[in-house]
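Here come two complexes built around subunit A, the first alongside subunit B, the second alongside subunit C.
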Partner chain A sequence: MSPDLAIVVAAVALPFIAAALTPLFFRVLGEGTGFAGSLVALSSFGLLASQYGDEGTVALEWIPSLDIALRFHVDGWALLFALLACGIGTLIFTYSPAYMHGESGLVRFYAALLAFMGSIVGVALAADLIAIFLFWELTSLCSFVLIGHYTADDSSQYAARMAMLITVGGGLFLLVGLLLLSIVAGDVVGPASAFDLAAMLEQPDAMAAALRDRGLFLPVLGLLAIGAGTKSAQVPLHFWLPNAMAAPTPVSAFLHSATMVKVGVYFIGRVRPMLVGPEWLFLFATLGLTTMTVCAIMAVAATDIKELLAYSTASHLGLMVAGFGFTSVYGAETGVFHLLNHALFKAALFLVAGIVAHEAGTREIDELGGLRHDLPVTAAITAVVALSMAGIPPFNGFYSKELLFEAAVEASHHHDIGLLGWLYPAVAVFGSIFTVLYSLKFLSLFFGERPADLGHVHRPPVTLLIPPAVLALLAAVVSVDPELAVEVIVQSGLEATAVDPHEMHVGIPTSFSPAVGMSAVTIGVGLLAFPAYGRLHDGIRAIPRTVPPIGANWWYDTIVDGLSDEGREFAEYVHNGLLRTYATWTLAATCTLALTGFVAAGAIAPTEFGLEVTLAIGLVLLVAVIGGLAVVTSDSHIAGVLTLSILGFMVAIFYILASAPDLALTQLVVETLVLVIFLLVIEEIPESDEIEVGRSVRDAVLSVGVGATAFVTVLVTTSARPDGPTDIARYYAEQAVPEGGGTNIVNVTLVDFRGFDTLGELAVVALASISILTLIVMRGRGDDGYPAARGNDGSPGEEPPTDDSRSDEPTDTQRDSQAAGGEDE
Partner chain B sequence: MTAVVLAAAVGALFALGTFLLLRRDLVRVVWGLAIISQAANVYLLAMGGIAPATADSVPVLAGHGDHVPTTADPLVQALVLTAIVIGFGMTAFALVLSYRVYEEHGTLDVSELGDRER
Partner chain C sequence: MTTVIMRTTARAVVPIILVVAISLFFEGHNLPGGGFIGGVLTVTAFAIIYMAFGLDFLERGVLGRDVDPGKEHSRDRVVVAYRRLFAYGFAIAVASGLGPLLFGEPFLAQSFVMLEGVPIYDHLEVASALAFDFGVYCVVVGGLLTILSVVGAE
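Let's look at the complex of A and B:
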């Protein structure tokens, strides 16, 4: 059965509409707006759930002329992700009112959260490359607003800017990759569906072959990987995620663990059937396992519970990327299943961290302990989800980790990767040991001794407890009966992401296999090493202190600070308030770009040179240029204005000789008017003489450069002119009488064929005259308190307010001349 | 076919206009703008081809008959006509603006004005 367009669009649009209406909700409901959000999320969830089991593409026309449509593709993988977003969204909206109680900026908070949910559902369902990109960047924008929720807090603003820079920057790489993909897709699936990802995924092999033929396979793979890697916080661009923990905890749970950061993973899974191959394995398995290990180590070094969870999130994202990186079916199983498991346990853990921070008043790991007495329900929830995170059987995290081990072992069977065949499993185990360590550490907050200086810990309200409890319950269900989860959703997600999907089975292993051995080593070493956690923690923390460049943050700060300092210096240099500086830079840059463009395009080629003009035209132009020269060399304003007129009138004669009588008439009128206006104004302005030899030489060089560019441009463009009249010119000539009813083609063109252009021109002239009137008359109206000006107005009795900001008043003689000028005009 | 004479004239006018644009006297800057817009108009017209002037080449038809002779490009002429009028508006506005600047600040030296802004 194919999905229903109206329902799919409604599921995506509903959160956006609700976001727009948030101010209204807030006025009615106040802090209870969160519950309205839950309702919206639940509705979207219901709408999407009604499409469960369907598969197919539906399209809403958007830009038909470019074959861009708002296409939505519904399949198991899309539904898994979209339902997760809506489901966890419902819980987050239920959690938020109690957590955000008494905070300001709640309208913005809820609006951004709702818009984010709409974007994430959009990114999950979109089948059009442009729509994917737009929703993708929308999630980054919402994340920016939400991370920077505490607008008065510098660290929150810093974190928001960092997340924005990294994820939006990565999104631009993605855009280029998508455009390259669409270029190739135009040949394979037809130009009408060049942006249709669903159509491309229907013939993945043909797409891959075409990409390789065009030599675009590696560029596309790399660009998409950068986009996905920045979004999903892969090393070395992982550092924005721990900083993003400046956001309120519901945001961290929703965006920065369960959904937004998984968009990259989701997209990797989406394009996996098309791009999978040895390069894919090498790129994503390496990237994912590196991230998994590095971030797990960093999580052990964390001192703050949210920081620990943030690094752990990046580490688990690495696990999913690595899973999808392995080309065997186990790889896809890892990615899909762990996406679900991680969303369940990590969102719950963040919500638990929020409860701890809210009720105990601190997030420092050292200050917390023995919380089971104060928060018994929370402790039970934590036990389930933390052990799941550690990958301890029979909790659900164990199954997907087991699949990763299997995929890592299998890798060398599918490809000849030499040493890497050993390295991948070894690294997977090594990274997982740290996962066990930090998971146990998080769990130990609830056990052991209660620190003496930990104050009174309140009982959390029930709306804070329900969301993590629901998640923990779901995690427990998956733990007890993983086959159920597989049957319900994971299998259909697998079919969209695996190359050769077959029926998937998971469960507690009953016989020995390499993967079982790896799990045993991981858990065993993890448990044995746990007593040494403190020493490990200190040891890892000491590394970046001694060698700062090893931290990614250090690179970010150095580069961003360096760039903004450079930018400031550069701005002072080119943007110094002097008109001539601006003109110099603009003109020089334009000339350089134009000439470089001509050279790069090979446009400058020796062609036949023609005079094309009669002797008369040549002479007239010569006089015009001489007139221009006289303007430049004139030492008085009067001489300059008069010689400028010579130039103008010569151009009018040129128009006559070039068979353009209308232009000549207009030019003559305009030149006369300009001459009169110049003479009127110049009389009021004193001469200013300036002779600076050094500057003149520099200016002359630039002028010659500009002139040469213009010369070359005219040569290049006139030689590329089509012979004879163009189609459009012939059209205007032929249709002037039948359609316009006039014999003067230029006139008919202006007032008839292109009447709106002329209307625009009239608007410009009208604006110019209004501005001129304002500039001259408003001063005389006396908003500045000059006696002479007031005298003109004939209203001496009124005392206009004095403008204190005017510090540089003209001298008396200047005032007199101004008054005279006002009368003349 | 390339139009060397026109190219030379346009290039020369652009160079002269640029030189004026870089002067410190605001009135001369306005002149520079005027010269550059004249040169741009000549360039635009040249793109339509400069036909030797004959009775037929003027884009005004003899009557309401069926015969339409090959004329000079009417489209560029329409464009240039618009450009001339807009150039006039711009020059007049720039000039009055400089006048007002002089009234306010007592100088038309753009370097002094720029220093004052800082």
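Let's look at the complex of A and C:
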């Protein structure tokens, strides 16, 4: 059965509409807005659930001229992800009011959370490359707003900026990859569905072959991997995720564990049938296993419970990426099943961490312990989900980890990968040992001795407890009967992501296999090594302290700080507050770009141009040239301006002789007006002839450059014109009277045929007036809006406005004012 | 430059310039001229007034308002009026472009009608482009006069 367009669109649009209405909700409901949010999430969940079992693509027309549509593809994989987002969203919205009680900025918080949910459902269902990209970046933007929720907090801003830079930047790589994909798709599935991912996935082999033919297979694979890797926090770009824990805990649970960070994994699963191959295996299995191991080790080094969970999330994302990376069917099973399992246990763990932080008042691992006395229900929930995270049988995390081990062992059977065939299983086991360690550590917060200086721990309100309890219950159901989960959703998700899907079975192993052995080693070593956790923790923490460049965060800071400093220094040259500097840079850049453009396009060719001028025109132009020379040699500004206007008037006469009365009229009037304005301004310009040699050389070079550019441009544009009037010129000439009703072609062209251009020019005139007005009127003011007397420069701070009190580092407005003011001193 | 010769000439010349400017504006569709040229010419007329009679003349002499001596010129009501003029002009131009949308035509589509049997003129052409051109005229006059008066005040 094909899905219903209206229902699918409603499920995506509902959260966005609710986000727009959030201020209204908040006015009525106050802090209870969260419950309205959970109702919205539940509605979207219901709408999507009604499409359960359907498969197909529906499209809403968007930009038909570019063949871009809001296409939505519904299948098991999309539904699994979208339902997960809405389901966990419902729980998060239920959890938030109690957690965010008494905080400010709740409207922004809920609006961003709702918009995020809409985008994540959108990215899950979208089948159009452009729509995918838009929803993808929307999730990053919402995440930016939510991480930076505590706007006054520096670390929060730092984390938000970092997440934005990495995920949105990665999204741009994805965009390039998607565009390359669409170029190839245009040949394979037809230009009408060049952006239709669903159509591409119907012919995965043809697409892969076409990509390889055009040599675009590796670029596309690499670009998509960068996009997905940044979003899903893969090494070496994983460091934004632990920093993103500056966000409120509901956000961490929703965005940074269960949904947004899985978008990359989801997308890898989505394109898997099309791009799978030896390169795929090598890239994603290596990337995923590295991330899994490195981040698991870092999680052991964590001192904060949310930091521990963040690194653990990155590690599990690595597990999923590695799963999809293995080309056997076990690989796809790992990815799909672990996506579900991880969402269940990790969201619950974050919510538990939120409860602990909220009730105990600290998140430091060292300060917590023995919490089972104070938080018995929470402890029970944690036991289920933490053991699931560790992959201890019979909890649900065990099944998907077992699948990963099987896929890792199988890898060498499918491809000839030499030593890697041994390395992959070994690394998988090695990383998993650390997973067991930090999972046990998290669980141990609830057991053992209660530290003496841990204050009174409150009982959490019931709305904080229900969401993690529901998740733990679901995790328990999957643990007891994994076949049920497989039957309900995982099997259909598998069919969309695997190349040769078959009936999937999971359960407690009953006979020995390599994977069982690997699980046994993992759990055994993990349990044995747990008493040494403290020493391991200290040892790992010491590494980045001794060798800073080993941490990715160090690189980020170095690069970003370096670029900011470079930028500031560069601004000193380009943006130093002197109008002549701006003019120099603008003109020089324009000339360079224009001339480079001509050269690159091969437009400059030696042309013969004969001098065919009448005597009258020749005389006029000669006078103009003499006027031009006189400008340079004139010894006062007034003489210079007056001689300059000789040139202008000669040009006007030239227009008359060349039978262009409109141009001539305009030139005459404008020339007069410009002369008047020049004469008004000129009195203010100091008559100083003393300028450095360097500067006059610079000015001379620039003038010659501008002149040459103008000259070349005229030559190039006129030589490219065909002989006789062009089609457009003929059209204007013929249609001016019948269509425009005017015999003045120039005017009809201006106001009728090309009215849009004129409108743009009007905007320019208006903008120019506004900027001149602003420059002159505001120039007496400093930052503080102190209206200094005219002729004085604004001065910063509380100091009196005198000429001497310029600070060493004037702000931009002050610099402009100095530039403008400097002229009249 | 406020000499007697200048003032006397200005008195004679300014009305002529303004009439020419307006006729250029209206004739523009069929003869050389149009909103832009008409606008710039109108501004020249104002420039002559400013040069001959000083910046406060319009405010004090023509409109009969008091002017504070030390006041910033850019706060004058005349300057405010100029600023409004280019804003309104821009609005007129955009509105004249939006009008055709009501009739199912594209943005900025223009049309014209010929009125026959009008007294004196015999036949008169009414082009919708005139509204757009009027917008151009207003923006040019408002914008340039703002620049002229503010720069002139310095």
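Of note:
Quick note on the criterion: the second predicted complex is superposed on the first by the 656 of 825 C-alpha atoms of A that agree within 3 Å, B and C clash if a C-alpha of one lies under 4 Å from a C-alpha of the other, contacts with A are read in each partner's own complex, and residues count from 1 in each chain.
By our rule, a residue touches a chain if its C-beta (ideal position, glycine included) is under 8 Å from a C-beta of that chain, and two chains touch if they have at least 3 such contacts.
Just so it is clear, the structure is predicted and the values come from calculations on it, not from any experiment.
In the superposition on chain A, A:S155 makes contact with neither subunit B nor subunit C. Once the two complexes are laid over each other on the shared chain, residue contacts for A:A763 go to subunit C alone; subunit B is not touched. In the superposition on chain A, contact of A:V676 is made with subunit C only, not with subunit B.
Of the two partner chains placed by the overlay, only subunit C lies in contact with A:D752; subunit B stays clear of it. In the superposition on chain A, contact of A:E684 is made with both subunit B and subunit C. Residue contacts after overlaying the shared chain place A:I772 against subunit B and subunit C alike. Residue contacts after overlaying the shared chain place A:G740 against subunit C, while subunit B stays out of touching range.
Taking subunit B and subunit C in turn and counting the residues of subunit A each one touches, the greater count comes from B. Within the superposed three-chain model, A:T666 lies in touch with subunit B and with subunit C [touch as defined at top]. Judged by the document's definition of touching, subunit A residues 661-662, 666, 670, 673, 677, 681, 684, 743-744, 746, 750, 758, 765, 768-769, 772, 776 lie at the interface with subunit B and also at the interface with subunit C. Across the interface of their complex, subunit A is touched by residues 1-25, 27-29, 31, 34-35, 38-39, 41-43, 45-54, 57-64, 68, 70-75, 77-78, 80-82, 84-93, 95-100, 102-111, 113-118 of subunit B. Chain contact summary for the complex, subunit C toward subunit A: residues 24, 28-37, 40-41, 43-44, 47, 51, 72, 74, 83, 86-87, 89-90, 93-94, 97, 107-108, 110-112, 114, 125, 127, 129, 132-133, 135-136, 139-140, 142-144, 146-148, 150-152, 154. Taken together, the subunit A residues at the contact with subunit B in this complex read 576-580, 583-584, 587, 607-614, 617-618, 621-622, 624-625, 628-629, 631-632, 637, 640, 644, 647-648, 651, 654-663, 666-667, 670, 673-674, 677-678, 681-682, 684-685, 688, 690, 695, 699-700, 702-704, 706-715, 717-719, 721, 724-726, 728-729, 732-734, 736-737, 743-746, 749-750, 754, 757-758, 761, 764-765, 767-769, 771-772, 775-776, 779, 808, 810-811, 814, 818, 821. Listing the residues of subunit A that touch subunit C in their complex gives 661-662, 665-666, 669-670, 672-673, 676-677, 680-681, 684, 740-744, 746-748, 750-752, 755-756, 758-759, 762-763, 765-766, 768-769, 772-773, 776-777, 790, 824.
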